[in-house]
Amino acid sequence: MSAGIDLENVSCDFGTFRAVDHANVSIKPGEFFSFLGPSGCGKTTILRMVSGFIEPTQGVIRIGGKDMRGQRPNQRPTALIFQNLALFPLMSIWENIAFGLEVRGVDKATRRAKAEELLRLVDLPGAADKMVSQLSGGQKQRVAIARALAVEPQVMLLDEPLSALDLKLRQHMRAELRAIQKRTGVTFIYITHDQGEALAMSDRVGVMSHGRIQQIADPRDIYNNPVNGFVASFVGENNVFEGDLGAVSDGMATLSTPHGQFRARINAGVSGKGVKLYVRPEHTIISAAAPPENGVHGTVHEVSFEGAFIAVHAVSDSGMKMVAELRNDGSQVVPAIGDQVWMGFDAQRAAILPDADTKR
Amino acid sequence: MHKLRQNLAHLYMAAFLIYLLIPLAVMAGAAFNDSRLPSIVPWKGTTGRWFVELAADERMWVAFRNTILVALAVAVLAVIVGTAAAILINSISGRMRSVIYGLMISTILIPGAVIGISTLLMWNKLGVPPGLHLSVLGQVSYIAAMVMLLVLARLQSFDAALEEAALDLGASHAQVMRRILLPHLYPAIGAGAAVAFFQSIENFNVTQFTRGGADTLTVYVFSKVRAGITPTINALAVIMIGITIVAAILYEVRRRRIERLMARGAEE
Amino acid sequence: MQDLIRRYGLGLTGLMCLIVAFWLLMLVIIPNITLFESSFRPYLPVTEIGGPRDTYSFDNYLKVFDGSIETTFLGIPITVPVHVMTFFLTIWYSVVVTVICFALAYPIAYYMAKIVNPRSLPTILLLLFVPLWVSEVLRAFAWWIILAFKGPLNSLLLFIGAIDKPVRWITDYDAVMIGLVYTYILFMLFPLYNAISSLDTNQIEAAEDLGAPWWKIHWRIVLPHAKPGVASGSVMVFMLSAGSLLVPSILGSTTSQWFTQTIQQWMNDALDWNTASAYAFLLLFLCTLFVSVVMWIFRVKLSDIAK
């Protein structure tokens, strides 16, 4: 059982501060959808509006096609997993999991059985009678998920639930969460500021900034075809050139910058002076000879080994810092510090993008 | 030099404890002295007759029963009022909060005589005669603030996300209160009830002005002390100190057991 | 308020507001307004209440100035109304009690917070709590026994030869002060202890390391940090002392009179509730004023006190 969620022109004001500004999104039943953005971008507000703790100032929220206006949190088919998990410290594990059933008047034997079943689902059999304080961080995580699943929600809302875990465990739990989502088929709405998390787990991602949804797309698209400068720089690294726009044709444009003239794809709505061109470090090519176009000459001043790739930091003759990432597979010659190199990029791999969408 | 100062400090602490406890010991000792005047000098032989006389004192038993009833009523009312006030104060803010909070706190500082007289006057105007019921109301007016402070301190460590989690799981507001918030507050509510109970037993000023003709133990002891006394009062003091010490030890034992449990829980 | 309704629903919020309103209105505000109102009305037989003679006036307050006694102030003989005298002596001796309590309790508070081995702290606290839980009337009574003319204190002092004839302890305000200090010193100790124990010990060690003498460490580091505790303890002890009725009644001598005793005489002996109201209001008002002025001088707020 899962339901889709529709936000239609949803805004939320706190006094004069607009936390969410005209959010429009349609999340499909059974989808794993992430809202990604820096803190204060409004993603948590969206989650709290869907769960019913905050009423939108304007707009409509539908869950399973049903308008949620006036429905209190305990009447909505959603279950929220809190950032700090909010497990009840005075109850045992199984009482925590069965709490939602207890308040619905389910008898004790059924509750216990359901709790045991869910503990097996989240891979924690035998923990039923422990207390919350006896569990590790990852185990608490699973209990929180089991507790939310116990009420058989149509939508699960997760508010940065992995942020308290250490790196290793976080990566493990990503896969786990994804697996649980697939197994149960419940719609997941996931809130995070960690782009790695969002890209790895989600079917689709909504990137947010300043209360506005900047882009909704699948993770690949978000990374490869960001719609604006904010999305490009929040999701991944870039070398950025600023300059004045020249001729535009067939979705390609030229940009005159102090570092040279470049050609790249251009998105709609960009014009005039002081516009920016973005190119990913892994799409930045290092060569000894000058490339046919989009080349910048400079000096390597640092080479750092990152494991899977090697980051080459160089400063162009015109004084701009650039990074290129080379795959660590021996296919490319790694320059040494002090080497004179050409850095360039394929015009199809670079994009001239507008700034973030912040209009009111 | 440092060592000397350290030793002086230990000595002063010991002297202070002796200063606090000696009067109680003297009073307790006098209960067993076979002398008509309550004193430990001269010692006229050990006797238990003051306890027998105390037990035979009808008025004492009435006062005792009254004291317990008043204290129970005060504890129940003060816990309800104090807990509600703490929850209320905890979730409002700004100027409103400081005004109401200040008003609540100031009740602790109002002299008992003022509370007693003002309570008597108002209820008298409303046609309620003096009596122990007014003593209860008068005592609640400031003891509730003490309970409020205890509960408020405990509320600061409460994670409001727990309430939201429960609501989100479908609990009603009443269920959130009963299953989530109140269990968290129970230690403070328990402590508040104990404080209220003992404060009520101790109370003299408010009771003195509101009690009408009824006696409580404090009033009874007071009238006995003024009317020239026999050591039956000391016998009563021995019993009360005894109860206090037993209660204190029970509390301490319980506290240490909880501490051990917590320590063990943290290790796992 | 919005937050409260969201968290606990309309019903529970309403109930809680109702309970708190009952407390503050019916048990605090309206009784005090009644007290204030009654204090301006004359004491009349029941039949005349509401009659033509039942008018507002300051008569009850002016009774404070009835009947004078001769006394000396700083060596200058002056004539003071009895009740004014009583009031000032009550305030004065309450201040003295507060100062003594502070002087005695400060080293103990510091000892408990910074010197004692933390393992023995629970035992010390337990020992301190025992007298706190023993009824005030019994504590005053204990000193009545000890200070009696033929009591144990005189016996002990005679025995060790410190005095050669018994001393009359229960005279003037002496025994009252001894009793008040004993009864209320813990109300000074605990706020002080709380305040000092929140001081980072590193600060004291840093000051020591920088070569500060011990008195300077207390004066510049510990005391400023403990100021809210000092204020809290002092206000408690002062208000409790000035408002005490038991201790002055039990340990008072023929020449001592506490303002609360005067109020009680109007109330229970003269049965003049209106004058008693006026005096009670005076006690409340002037004590509050005194405390506020002192707090203002030391720049402490009421909110610091209730910690």
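The chains carry the letters A, B and C, assigned in the order they are written, with residues numbered from 1 in each.
Here, a residue touches a chain if its C-beta (ideal position, glycine included) is under 8 Å from a C-beta of that chain, and two chains touch if they have at least 3 such contacts.
For reference, the UniProt names are A = ATP-binding cassette domain-containing protein; B, C = ABC transporter permease subunit.
Predicted model only: the values in this text are computed from it and were never measured.
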Greatest separation from subunit A - chain, by CA centre: C
Chain at the geometric heart of the assembly (C-alpha centres): B
Inter-centroid spacing, subunit C versus subunit B (mean Cα positions, whole Å): 17
For subunit A paired with subunit C, centre-to-centre distance based on mean C-alpha positions, whole Å: 62
Inter-chain centre distance, subunit A versus subunit B - centres from mean C-alpha coordinates, in Å: 56
Multi-partner residues of subunit C (at least 2 other chains): none
Residue numbers of subunit A (touch at least two other chains): 53
Set of subunit B residues in contact with two or more other chains: 172
Subunit B contact footprint on subunit C (complex, rising order): 1, 3-4, 7-9, 11-12, 15-17, 19-20, 22-24, 26-32, 34-35, 38, 104, 107-108, 111-112, 115-116, 122, 124, 126-131, 133-146, 148, 150-152, 155, 182, 214, 235-236, 239, 242-246, 249-250, 260, 263-264, 267-268, 273, 276-277, 280-281, 283-284, 287-288, 291, 302-303, 305-306
Of subunit A, residues touching subunit B in the complex: 51-53, 72-75, 78-80, 82-84, 86-88, 90, 99-100, 102-104, 131, 133-134, 147-148, 150-151
Touch list for subunit B against partner subunit C, complex: 5-6, 9, 12-13, 16-17, 19-21, 23-24, 26-27, 30, 38-41, 80-81, 84-85, 87-88, 91-92, 98, 100-115, 117-122, 125, 137-138, 140-141, 144, 149, 160, 163, 172-174, 176-177, 198, 201-202, 204-205, 208-209, 217-218, 221-222, 225-226, 233, 237, 240-241, 244-245, 247-249, 252, 255-256
Residues of subunit B touching subunit A in the complex: 159, 161-162, 164-172, 175, 179-180, 183-184, 265-266, 268
